[in-house]
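Below you'll find the structure I mean.
To keep things simple, chains are lettered A, B, C and D as they appear, and every chain counts its residues starting from 1.
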Amino acid sequence: MTNIARIKLSNAQIAWRAAQDITDGAYVNLGIGFPEMVAQFQPEGRQAIFHSENGLLDFGPAPAAGEEDWDCINAGKKAVTIRPGSAIFHHADSFAMVRGRHLDVAILGAYEVAQSGDLANWSTGKDGIPAVGGAMDLVHGAKRVAVLTDHVTRKGAPKLVERCSLPLTGVGCVTRVYTSLAVVDIDAGRFVLREKLPEISVQDLQAVTGAQLYHEGPVADLIAPAL
Amino acid sequence: MDKRLASVTEAVSGIPDGATVMIGGFGGSGAPIELIHALIDHGAKGLTVVNNNAGNGHVGLAALIEQGQVDKLICSFPRGPSSEVFTERYRAGTILLELVPQGTLAERIRAGGAGIPAFYTPTSYGTDLAKGKPVAEFDGRMYVQERWLKADFALIKAEAADPHGNLTYRMTARNFNPIMAMASKTTIAQVTEIVDLGGIDPEQVITPGIFVDHVVEVATPQQEEVLNRAEAVYP
Amino acid sequence: MTNIARIKLSNAQIAWRAAQDITDGAYVNLGIGFPEMVAQFQPEGRQAIFHSENGLLDFGPAPAAGEEDWDCINAGKKAVTIRPGSAIFHHADSFAMVRGRHLDVAILGAYEVAQSGDLANWSTGKDGIPAVGGAMDLVHGAKRVAVLTDHVTRKGAPKLVERCSLPLTGVGCVTRVYTSLAVVDIDAGRFVLREKLPEISVQDLQAVTGAQLYHEGPVADLIAPAL
Amino acid sequence: MDKRLASVTEAVSGIPDGATVMIGGFGGSGAPIELIHALIDHGAKGLTVVNNNAGNGHVGLAALIEQGQVDKLICSFPRGPSSEVFTERYRAGTILLELVPQGTLAERIRAGGAGIPAFYTPTSYGTDLAKGKPVAEFDGRMYVQERWLKADFALIKAEAADPHGNLTYRMTARNFNPIMAMASKTTIAQVTEIVDLGGIDPEQVITPGIFVDHVVEVATPQQEEVLNRAEAVYP
């Protein structure tokens, strides 16, 4: 079997791949952390508008260090900037946007994704401090919910599974998973392989996936620039 | 990502027969007269219209009803000093009326925009307007369950827009316009002025562009009240 | 029996009497029509703030004829003015104020008021065009709901009744009725007479009231200035 | 009708032991640090606090928790880069936590202010956070019933106030502040500037004065983020 730990995509490359599917003019929410990188990789000529749960639409990049205004932050509590076209609103209005299906895409991280589209990304089920934030709203709000994730855990266990073992964030909500090895759609309760790294075989991929991987027609090569 | 359209004619051209259309305004204030008149010219029929009132005189919503384009009206107060057009059609049985208390109408629309399929309100409990609706007790008081209200299109009137569809409103012309923008699949705003991106302070945006699909400038919008005092008739 | 048609209070006098019970700083909604007059009779030194359902708080008087701005109207669709301290908001926020019990007083007209506090003021039950507006929200929203009304209908029938015969606006919501002859509280399912015109007797009043009038202690004289 | 108070000390002096207190802010942005510190000095205990987070470092909400004044926290995200104070108390079992999804928290607060005792949301359906809550199907989809959230007091931070309590907010410091003002019996706002009546354009009022009981000027408010970078400790 190929050593997937060596050839996998970086987080930036996964984010780059997800960015290619965002259409011009889309309203997008990016989960805190690694999904935030998606904003950096918008294809030339396309302009998405990013939503932050705390009440900010169409924000600009982080200010230079030392120039932060701590009244202007994103959902990750990092300083951002406003720009021409930004809009500010309160929390109930912000989640009206989310819950009311006004966002085109939400892109989130995951602990586990099941072939049913169930997502677990808020609690490890252990005795840490439970914290949910806006994840449960986003998964039932955005028109399309995609996940960015390593294909396996640090210990090598599959993150794409038949059934989630961790507490759920949402039921049947994810429709596409961008992993470090592949792009997998969730369709009618099945994982359908759309793209994979050319260096690995379908068999390799199946070996590190916790549920049956279907494919319909050709599986495209997943090729990302060096990032 | 440029939501500007060149004309009200173009803006309403996609509204099909049978559509549900929310129309902003409270009486004439905030009523998108030019968009309504464009809809009359466009000719879509069999419409369900959501508005607080039923129009006055022979312009705007009243004219749309007079042209026979509205099969059903969802509103709170279809009576006015000159709402004869609706009255006549209602008495003739050629238009359906769903009467909703004003605050419930506003909240149902807001719920439609906010992804809340149902909520409980004390309003109308024990009255004829609660008939057939589920009721429930919370903390010792009785409430009526109301459902969200959504539409295919919203025709609204705003003051300023930027190309991304961020909107402001003039005085009490705000009324139902912001919530109807939230509750409709396609929201079309006629605005007095389209400003450049950045022309609206982000803190002063009332309707964020995410709720708006198209904006069209009507630099000198007509006021229903003024038209009616002049006994105007459309078309 | 006294001729109550001659000695009754005018609408302005009824409105004046209601205005005496509005405390400084109270948030008040006045029903369309005759209740609107209450605003003219605020006692010296007290300042109430008036709410209009269409999305305006703390508005000023009507502009001069010819100077109307039809983007600045009240719930009766009459032109009003903004003034220092006014606030404008959308309809859902306006009725959040109403339903959320932020108004101290709502003062409404009535077809009938029952001793239970039930109010009928929106439909005559005949074949007119039904129209409800904000009345049903106000009666269950304001902390205190008062009614202004002639004591009897034009035909002389009682408007204070054991049970409403017309379609209800709200159940058990009214606590005080200011009539052309008296001030009557509703307390524990009974009409309790608080004030009456000095020219008429309790017996006179009972004769034009459709339910038992109780009184606890002295009944004060209802004396309004000529208006 | 003058809602101005002279000091934060006076503003919080009526908060009794056992009160439910909503505290505005998202992280440190919009957090009324001076009011929270006045509440620490005041010393009310056994509080239930509603906030999106659980405080950071040893100032503001974290300091209030550290002083042992908070028995229960209702929040969506009690984890942060420096939320050790809450973590420690939670692990020790000396503070209760009600965890609520962020949008549900906001909507429950808004419902409390808007007189909506319960509503349905798709959020949390099928998860541990929906356990024990009624569910219902609308239009073929399942929803969870959530209840309103109200409080005895709200401590909020705004930018400008007039003497009637009309408020504006600075950038994303708006967050939970306007809805908490709606949902509390007594709302106390610390503001950077109190302007004369008329100093706020009626169209730009974000929180109408009807939702506000007291305003107190804190001309140079502290930012939690800045305090924490300086490793500040209160008291």
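One rule holds in what follows: a contact is a pair of C-beta atoms (placed from the backbone, for glycine too) under 8 Å apart; a residue touches a chain by one contact, two chains touch by 3 or more.
Everything numeric in this text was worked out from a predicted model, so none of it was measured.
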Starting at chain A, what is the smallest number of hops through touching chains needed to reach chain C? 2
When I count C-beta pairs in contact, which pair ends up with more: A-D or A-B? A-D
Please compute the C-alpha centroid of chain B, do the same for chain C, then give the distance between them in whole Å. 30
Distance-wise, how many Å sit between the C-alpha centres of chain C and chain D, to the nearest whole number? 37
Chain D: positions in contact with at least two other chains: 107, 110, 114-116, 121-122, 170-171, 174, 202-203
Do you know which chain C residues sit against two or more other chains? 82, 88-89, 92, 95, 98-99, 140-141
Graph shape for the chains shown, where an edge means the two chains touch. Line, ring, star, complete, or other? other
Every chain pair meeting the contact rule: A-B, A-D, B-C, B-D, C-D
Within their complex, state which residues of chain B touch chain C. 26-30, 52, 76-80, 83, 86-87, 90-91, 97, 99-107, 109-110, 121-129, 170-179, 206, 223-226
List the residues on chain A that touch chain D in their complex, please. 52-56, 68-73, 77, 82, 88-92, 94-95, 98-99, 118, 123, 127-137, 140-141, 167-171
Touching residues of chain D toward chain B in the complex: what are they? 107, 111, 114-122, 136, 138-139, 141, 143, 147, 168-171, 174, 202-204
Under the touch definition given earlier, write down the residues of chain C that touch chain D in their complex. 24-25, 27, 47, 49, 51, 57-58, 82-89, 92-93, 95-103, 140-141
Okay, in this complex, where on chain D does chain C touch? 1, 110, 112-116, 162-164, 166, 182, 196-199, 202-203, 205, 208-211
